[in-house]
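In what follows, structures are represented as structure tokens.
First chain A sits with chain B, and in the next complex the same chain sits with chain C.
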Partner chain A sequence: MNTLLDVQDVTLRFGGVVALNRVSLQVAWGNITAIIGPNGAGKTTLFNCITGFYKPQNGHIILTPPNRSATHLHHLLGQSFAWSDLVHPGQVWGKLRAKMFGGPHSVCRAGIARTFQNIRLFKEMTVLENLLVAQYRQLNRYFIGGLLGTRYFRDEESMAINRAMEWLRFFALEADANRLAGQLPYGHQRRVEMARSLCTDPMVLCLDEPAAGLNPMETQALSQLIRRLKNEFNLTILLIEHDIGLVMELSDHIVVLDHGEVIAQGRPADIQRNPRVVEAYLG
Partner chain B sequence: MVATMALEIFAQQTVNGLILGATYGLIAIGYTMVYGIIGMINFAHGEIYMVSAYLAAIFLAVLHFFGLTSVPLLLVAVLLATVFVTALYGWFVEKIAYRPLRHSTRLAPLITAIGVSLILQNYVRIAQGARSQGIPSLLQGSFVLPVGDQGGVVQITHVQLLIIIVAFLSMAVLTFIMQQTSMGRACRATEQDRIMAALLGIDTNRIIAIVFVIGAAMAAIAGVLVSLNYGSFDFHIGFITGIKAFTAAVLGGIGSLPGAMLGGLILGLAESFFAGFVNSDYKDVFAFSLLVLVLIFRPSGLLGQPQITKV
Partner chain C sequence: MGHPLLTQPLLTAILVLLLTAPVSGLVLDGYDFNLRWHPPLWLTLIAFCIHWMILLFKRWRFGEKTGKPSPWTRISSWGSRPSVHRLAFFVLPVVGLVLPFFLGKYGLTVAILALIYVLLALGLNIVVGLAGLLDLGFVAFYAVGAYGYALGHHYLGLGFWLSLPLGALLAACCGIVLGFPVLRMHGDYLAIVTLGFGEIIRLVLNNWMDFTGGPNGVRVDFPTFFGLEFSRHAKEGGIPIHEFLGIDYSSNTRNIFIYLVLFLVVLLILALVSRLKTMPLGRAWEALREDEIACRSLGINHVTVKLSAFALGAMIGGIGGVFFAASQGFVNPTSFTFFESALILAIVVLGGLGSIPGVMIAAVVLTVLPEMLRDFSDYRILVFGLAMVVMMIWRPQGLVRARRPVFQGRKG
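Let's look at the complex of A and B:
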């Protein structure tokens, strides 16, 4: 098994409340990993840690792309200086850099994208613009080029539009490209959000309850899309979902959280028979 | 005869109002963009405008000293240099006074804004003296256009024409940048949902700094143009102009870019019509009464979107 994302002993406290308690899990490259658990188990909190929205007090989250060096995701959010910096002055530069320029955006740039349970589209912008915003990193950021309409700027812009249109075609949304994102029906908005996060060119796609509020037919279509993302684009997918049928059907690996702790993980068939899981869900 | 007089005043005050309104609009852009992106009112913005007037005078003197005598070249060079240095001021103010307070209460940056405003005022007073300073008028002459058939005239000086052209050109350029370039898109995205924008790989701190720079640059354009027009300024001009521009931003709907420009123009025209036809001493009263009236009927301003609170 080739581990892409390694979560080691992550602990997150809000004041006295322990939201995550020594959570460890591995996400294999090219797999669909589902995180399930009762409400308030800390699933979304874990997502927030992985995507750099929260900074855990303890533990490591390490992203190791194949054939590349590992990235400690929480280092990208900025660390405090320590006495050991005097012994290893080499690391000071990296820390200073992360302090000044780091943040959730560097986690995204490292290759992690996410969607939200409550959809967070830029409602006042068109669908296409939403997808172009997500390509900001890949694009020419200097407005002078845009102002003068240089060839370089126009080429990049049309490349970005092509990339966005490809993803819109994949999600069957081409017809909505120039509509305002806020005016789309709910099911479409969900797919736009997925298309937008894919435009950041991620390695790991974190989906927070993608099937929430969808009818059974839409859920079925979604399940096929997620499977195609895995098979055709080699994406690694992290999934939070309450629809157990969808989870069992899709995932290669399941992690069960309860009260901020991992109570079980394994293949779908094993999880179904695990007594602790049954207890957490029924009791 | 009376009708011609009225027409003449009307035409002249329209020109004056457009000029006043264009400068209000330029300054209001800084208020509205900063409010849109981080939800704070940058009370130091008027002072940035004041600093730019002084910088324009300094650059004018320095460039003239080094032998640049061609007036068009001098104007362009002074404008560019002032915009650049004022933008640096805006960038530093954000870096020093607002960014460290990004995650504290909403009121904290408001207080530092007042602090920055006082610091800039007193810094300029100490460095440049409390007496009002002036710059020589570079552009002489004016166009005189006939109005009506009874020999009425309206006068537009070259400086006023320059103000109108430069102000509207820079507003058009800014609108284009915000609508068409990837940087503008990132600004709009950050304005709508800062956290989501960060999760999509946009360095939101940088975008916020860029917004401050844009606001300061626009204020600098206004500063150069106004000091060319009036020729004199002191360390205190930022206060009242800042309040007026802020009023224009609120009038147009704070957070809305076209709203700021429209609000500026309406405020400028209203003021100058009131001054021309009724009483020039009470023009400020009229301007603020207009604001109160608009806010009673449209609490979010002319082009602002009403806040929808989800329950």
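Let's look at the complex of A and C:
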């Protein structure tokens, strides 16, 4: 198994509340991994740790793309300086840089994209603009070139529009390209958000309850789309979902969280028979 | 050739040359000036090399960008009646350029004031309308620009033309200084801090007697045009412009000159701001206004994006300030009270947040209307308040709603 994302012993406390307690899990490259558990188990908190919105007090989160060196995601959020830095002055620069310019955006640049449980689209912008914003990093941001409208600037803009339109086509949203994102029906908004996060060109896609609020038909279509993302684009997908049917059908690996701890992980068939999981969640 | 690895540094170099040449290349020697070629050329070369090396590093680190161009293009953001907009696009500049020659002295003063408010509104529109950062102390940057010119002239003998870029730069720096502590703030809290910042600047200007002259203010010299002065009798060795052109002296000439320069600057800023709206940076500002967390999840560094909005908005405010000082010939702190901030904010909100034409119309209306209503001057603020209330009920989105760019597949 080729581990792409390795979460080791992550602990996160909010004051006295232990939201995550020594959570460890591995996400294999090209797999769909589902995280399930009752409400308040810490699923979204774990997502926020992985995508850099929360900084765990303990533990490591390591992204190891195939054929490339590993990135310690928690380093990107900035660490405190220590006396050992005096021995390794080379680290100081990296730490300083992460402290000044680090944050969730650096995690995204490392290759992890996410969607949100409560949809967070740029509502007053068109769908296409939403997708263009996501390509901020890939675009030519040379100020003078943009002001003068140089050919190079226009070319990159055009490529970005092309990428955006390809993802819109994939999600069957082409007709909505020029509509305001906030005016779309709920199911479309969910898909726009997925398309937008895919525009950042990620390796790992984290979907936070993508099927929430969708009818059975839409859920079925979504399940096919997620499968296609895995098969056609070799994406590694991390999924939080309460729709057990969808989870069992899609996922290669399931992690069950309860009260901030991993109570079980394994293949769908094993999880379904696990007595602890049945007691805590499946019922 | 269109290779970005060379053209981009070249454009940077040209910009650096344009900006630094007047500062470092001209040495005043009495009423003459000598040209020095070396310093600006060196600076230009250094800028070229640095930018070139950054691009090389980026290519080495991230590789070359690839992708197919799209058959989809932005058709316009002009909305449903492009012909009306196109007409305005060509007619307004001409009207604006011809206008000062038909206005009296009073009319010119009002027109200059209106244009200054257009500048201020365009600047605040970036901060509040596009980036969604509620700024109640925008007048601070206006003051920085005005005092930058006045004090620069008083202490360093800087002229108008040098003060224009320097005042803009100074105001932009102040924008960044304000931006840093408020990076984590939103809405009400941000408004309070910016309000405080505006008051701090005013109080410093008011109380630092030794440096700023306090409430007595500072006198500012009027601008010159390539060394030609606009006064009746030039200083020793100088030539007044009416003698140079062979026309009769008129006190209007100076105001016409300021108006024309200001008008060109407004056109330039207008072009800049409307380009920005379709550039990645402008889109990032708007995205930041809509949802900051989503922005960060998409790899956009909210710190740099926010600071750039503050800096660019402040820069435009600073330019407005320089023109204010130049047209008044005198600055003192009473011109930079909170009421000014509130007025500029009202202009932006009334015009329509983020809408450039709306903001411009509102700026002109809100400066010209009070002048026309001089007879009712006791009730001016009352009328102003009523207008605000009526607008908020009737058109809460402002005079002109900001339009979104529309993209369309190429036909055929």
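Criterion: the second predicted complex is superposed on the first by the 281 of 283 C-alpha atoms of A that agree within 3 Å, B and C clash if a C-alpha of one lies under 4 Å from a C-alpha of the other, contacts with A are read in each partner's own complex, and residues count from 1 in each chain.
The rule we apply is simple: a contact is a pair of C-beta atoms (placed from the backbone, for glycine too) under 8 Å apart; a residue touches a chain by one contact, two chains touch by 3 or more.
Here the structure is a predicted model, which means the values were calculated and not measured.
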Assess the superposed three-chain arrangement around chain A: do chain B and chain C clash, or do they fit? clash
Answer with first, second, both or neither: which of chain B and chain C does A:Val10 touch in the superposed model? neither
On the A-aligned overlay, A:Leu128 touches which partner chain: chain B = first, chain C = second, or both, or neither? second
Could you look at A:Leu180 and tell me whether it touches chain B, chain C, both or neither (first, second, both, neither)? second
Of chain B and chain C, which one touches more residues of chain A? C
Quick one: is A:Ile161 in contact with chain B, with chain C, with both, or with neither? Answer first, second, both or neither. second
Report for A:Arg151: first if it touches chain B alone, second if chain C alone, otherwise both or neither. second
With the two complexes superposed on chain A, say which partner A:Arg114 touches: chain B (first), chain C (second), both, or neither. both
Could you say whether A:Gly103 touches chain B, chain C, both of them, or neither, answering first, second, both or neither? both
Kindly point out the stretch of chain C, out of 7-15, 43-51, 313-321 or 403-411, that overlaps with chain B after superposition on chain A. 313-321
Indicate the residue numbers of chain A shared between its chain B interface and its chain C interface, in ascending order. 51, 53, 101, 103-105, 108-109, 113-114, 116, 120, 122-125, 129, 132-134, 136-137, 139-143, 145-147, 160, 196-197, 200
Residues on chain C engaged by chain A in the complex (per definition of touch): 2, 4, 7-8, 11-12, 15, 65, 67-73, 271-272, 275-276, 279-281, 283-284, 286-287, 289-291, 293-304, 404-408
Touching residues of chain A toward chain C in the complex: what are they? 51, 53, 101, 103-105, 108-109, 113-114, 116, 120-126, 128-130, 132-134, 136-152, 155-156, 158-163, 165, 177-178, 180, 196-197, 199-200
Residue ranges of chain A touching chain B (in the complex, touch as defined): 51-53, 101, 103-105, 107-109, 113-114, 116, 120, 122-125, 129, 132-137, 139-143, 145-147, 153, 157, 160, 196-197, 200
Residue ranges of chain B in contact with chain A within the complex: 173, 176-177, 180-186, 188-189, 192-193, 195-206
